[in-house]
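Some structures are shown below for you to check.
In the two complexes below, subunit A is the common chain; its partner is subunit B in one and subunit C in the other.
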Partner chain A sequence: MNLVTIKNMTKRYPIGNSEFTALSNINLEFEKGEFCGIIGPSGSGKTTLLNIIGSLDTPSAGSTVVLGKDIGNLSEKEAAKLRSRHMGFIFQTYNLLPVCTVYENVEFPLLLINMTPNERKKKVISALEWVHLTDKINSRPNQLSGGQAQRVSIARAMVKQPELVLADEPTANLDAENSRNILDAMVNLNKELQTTFIFATHDEKVITYLKRKIFLVDGKVTSDGK
Partner chain B sequence: MLELKLAYRNLVSAGLRTWLNVVVLSITYVLIIWHQGFFSGILRQSEHDMIKDEVGGGQYWYKSYDPYDPISLDESHGIISPKLQSMINKNEATPILIRQASIYPNGRAQSILLKGIDPSQKILSIPSGKLKTDGEALPILVGRRMAINNSLKIGDFLTIRLRDSKDAFDAVEGQIVEIMNTRVSTIDNGQLWIPLKKMQEIVEMNGEATLVVLGQNVTGLSDSPDWKFREQKLLLKDIIDVIKSKRIASVILYIILLFLAMLAIFDTQVLSVFRRRKEIGTLIALGMTRLRVVRLFTFEGAMNGVLAALVGAVYGIPILVLTAINGIPMPDVVDSLGFALSGNLYPLYSAGLVIGTIIIVMITVTIVSYLPSSKIANLKPTEALKGKIG
Partner chain C sequence: MIKFLIKGLSRDRSRSLFPILMVSTGAFLTVVLYGWIKGAMNDIIDSSARFDTGHIKVMTQAYKELSDQVPNDLAILGVSNLLGELRSEENNILWTPRIRFGGLLDIPDSLGETRSQGPVMGLGVDFSSESNDKNILNIEKALVTGHLPQKKNELLISEDFSNKLGVKIGESATLVSSTMNGSMAMYNFKICGIVRFGVTAMDRGAVIGDINGIRDALDMPDGASEILGYSKDMLYNEAEMTKLAQKFNKKYFKKTDEFSPVMLTLSEQNGLKEYIVIIDFFGTILVMIFVVAMSIVLWNAGLMNALRRYGEIGLRLAMGESKGILYGRMILESVFIGLAGSLLGTFFGLILSYYLQYHGFDITSMMQKSTMVMSNIIRARVSLTSYYIGFLPGLFASVIGTMFAGIGIYKRKTSQLFKELEI
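And now, the complex of A and B:
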């Protein structure tokens, strides 16, 4: 069964009196356990596509069905529920909550789904073990290096063991060694938990790790290397 | 609650910005309570002094008596009714006779009110007992303000010119036997107090009075054709109205204070929403609804009010308790405000005042915090994640 099914999807943005087409007639399917990436230059529509899959935005035409839910027809509350229960996000700039410790940042998604404290603790520790950051539990984001912060971000995305993780340029701010560490961690999680990873990237380091490469140019899929 | 916990963390971690808002707001709390307590104290003290020195438990006025009409004053006297006389005999009431007169301190003519009071009366707490003298001169009691304004002192002689019941002019020589220290200016300025019996003899109005003051625990009788009952509340109305009008000025002051504090919080909230757009986007991406994010930011602002109440309590309670116990020394100049004050003023801080102030400030802070935060409800998460405001 497909985790994500995108059919004839188009996304347009109003610019003044005219419209700009960010994505045009996209048809894609993603299955459980995939480790794939949307690749393209800046402005090709990668982030827009990722945002629509992540229910942060809606398509202008066509349909995008994620885990059986049509993104275009979801209310704000339903979209929030879908994200909080079934999706994890990894951002280029990590986007950790600055006032929370590493532990609290990773715990945050679990607080949104009302998990018991004991269960939360177990899952947070386990997520921090995946990314080898148990020694930084009480550190604040501003006390971490870029690589460590991105690993916290991965732990936060993975802690509830979502079906789908969306990573927008996760290595753009990292050096080669940290990028490799991060990607290794994600590959392991993908294997171990069968979590689907979709990347938006134009980073060669990431591309070499991908099992499926979808090339996007000017909002159109030019190749889908399954 | 997740929003509350996160709001507290954000607020505390904002450091100096939070504490500046909190300090300003706490000063607002303390000043509002202090100022309102100050006026409650004035009201309580003025009421108490007026009841004690002038109003008693209410008064019977002769039918034509109008304290604001000097023209009819000389006609406003009559024989005390038997029922009132019986109360006077039982020391439940005391009569006062009022006439217009003139005195000539330092060679200047000055119109005054001459008031006759029973030197043995215990209804009012003015020192009328000092009027019991064996001297030949008519004993006179004056208030401190009257003495200062006319350079009078104990032992001074005064010529009093007045008209008797038949409109014949007469003059008597009196000697000041006591200068009373009263906070009630309406029994002081421009008035001389002399023994009632002697005054009745001089003006040929035996058994007559202008008004009869009742004791505080005496209930009023029904009106008679010549004597009208004026209840205590009515007699205090003027002073209460004056104090209320002064209180309005204090309310304006605290609205300005509150406005300044709210401006600081509003400003902080606007900046906070603007500066933390990416955080807002992240919270939404992690699964928070926009409504919950609005709630988080509103809580953050509203918590300024809670922290300010706590900080205000730390330094405000000692200040307020100290002034409530020791009073605030009042200069004589406050007499010019239009109500009786001097000596120490004891502010009155009621639980209602404190709780009411906290509630008003909290509600205002919450509304002011909500207004900028509500912008988040229209924010697109994709724009927020890019650090843009929608």
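And now, the complex of A and C:
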């Protein structure tokens, strides 16, 4: 069974009296354990596609089924539930909570799903071990380097062991060495936990790591290198 | 999650310290001002009750109409009978007769010629054991020197007045006034004590004599200007006194007889009812201003906070915290802030209020020309209401401010979060 199935999906945005088509007639399928990327220049529709897969937005036409749920038919509450239980997000700018320690930042997604404190502790420690940051448990985000902060955000995305992780330009703010470290960590997690990773990127460093490359130009899939 | 919220508040001072200071300042001011207003109001009511209106007062209908002029020609006669009936029928009330009078006090020299004289207002007080009037008027405490009147012709004089007239204890003083029948009254008294009431209107020119002596002086056998009633705990209860007045008036009041007795409650005299309503109104206005002003300030603080926490809120929405739950948690944060601010403000407000209750604020210099029967020291009064008058508005203002500011959460589009979080 596919994790994500997109059929004839189109996304249009109203601009004044006319409409702008951000995505046109997209047909894609993603299976469990994929490590793939949506590649394209700025304005090609990568983030819009990621938004729809991540239930942050809804398609204008066609269907997008994620983990058996049709994104177009979900209420705001149901979409939030889907994200909190089954998805992890990695952002370009890390977006760690500045008043929380590394431990608390990683723990936060587990608070949203009401996990017990003991279970939370185990999961947070495991997640920090995956990204080799157990020595920074009590540090605040402003005490971390860019690479460390992004590894914390990976741990935060992975801590509940979601089926799907969506990453939008995760290495855009990192140098080559840190980017490699981050990508190595994600590849390992993909292998170890069979988590599906979908990237939106135009960064060559990321592209070389991808097992599947989907090229998007002007809202249309031009190539799907399975 | 509550732990998470509290940690966020304790670590992020701009999220907690500023709003807590705002709320606590508002709560503090409300508690102190409310206690101050209540204290001043109660001082005026208490002084009026003790010196003038009683909790309840009996006089003739005709006297009531002209009571400002102290018309003793319209006073009650047959006081002992009426007083006896009142004391037996309403034995939970302290009843006491009084004569209020005005006139001229003349101090003679050794030859009997006028040495000094001045206008005087006076009270004829029942010093007998049946009456508790000397305690109601706190005369023993007010006594600066000398003793209470033990004979009919002994007179107490207020300290400022005695200084003005240059009269000392043991010296004679002649009261020049008019009798109940309208003829001239001249009666020789002996000054037996000097008193200070702490009420400018009284201290400036008052004398107090035994009611029997005043009756002799003003030719009022078995008469009294008024009969005053006080509840035994000395606390005025409007409902109880109104009921009592209705019962009395039903029995004694005759519309056609202007000398029939009529009973009035404290609030029905000297415009005190309006005064109480006005004070309550100002109290309510004070609280309303606090709630509205604080809500606007905290709303603004909440908006600033929401701007500062734009990224955090976006992240939480992206990670799957629903808008409703996020909004609820922000309100919960504001409850913590409101509780902390209100508790602090109320605590410090109560400390200052208690201080002002015991030490008060001396306004003697402002009362030099006052004719109001009120204490020269205004004190705050801490009541049960003081404990929540600042606390509840502080809490509400904090929550209402956040509720307004938090509406912005519902305007966030999740479809923009990736873009917004990349900034």
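The rule we apply is simple: the second predicted complex is superposed on the first by the 226 of 226 C-alpha atoms of A that agree within 3 Å, B and C clash if a C-alpha of one lies under 4 Å from a C-alpha of the other, contacts with A are read in each partner's own complex, and residues count from 1 in each chain.
Criterion: a residue touches a chain if its C-beta (ideal position, glycine included) is under 8 Å from a C-beta of that chain, and two chains touch if they have at least 3 such contacts.
Fair warning: this is a prediction, and the values are worked out from it, not measured in the lab.
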Clash-or-fit label for the pair subunit B, subunit C on subunit A: clash
Touching partner for A:N51 - first (subunit B), second (subunit C), both, neither: both
Touching partner for A:F91 - first (subunit B), second (subunit C), both, neither: both
First, second, both or neither for A:P109, with subunit B first and subunit C second: both
Partner chain in contact with A:A61 - subunit B first, subunit C second, else both or neither: neither
First (subunit B), second (subunit C), both or neither touched by A:I207: neither
Contacts of A:C100 with subunit B and subunit C, given as first, second, both or neither: both
Touched partner set for A:E169, first subunit B, second subunit C, both or neither: second
Subunit A positions touched by subunit B in one structure and by subunit C in the second: 47-48, 51, 54, 56-57, 76-77, 80-81, 83-85, 89, 91, 93, 95, 97-100, 108-109, 111-112
Touch list for subunit B against partner subunit A, complex: 2, 6, 9-10, 12-13, 278-279, 281-290, 380-382, 385
Subunit A - residues contacting subunit C, complex: 47-48, 50-51, 54, 56-57, 76-77, 79-85, 87, 89, 91-93, 95, 97-100, 104, 108-109, 111-112, 168-169
For the subunit C and subunit A complex, residues of the former touching the latter: 1, 4, 7-8, 11-12, 311-312, 314-315, 317-324, 414-415, 417-419, 421-423
In the complex, subunit A residues that touch subunit B: 47-48, 51, 54, 56-57, 76-77, 80-81, 83-85, 89, 91, 93, 95, 97-100, 108-109, 111-113, 156
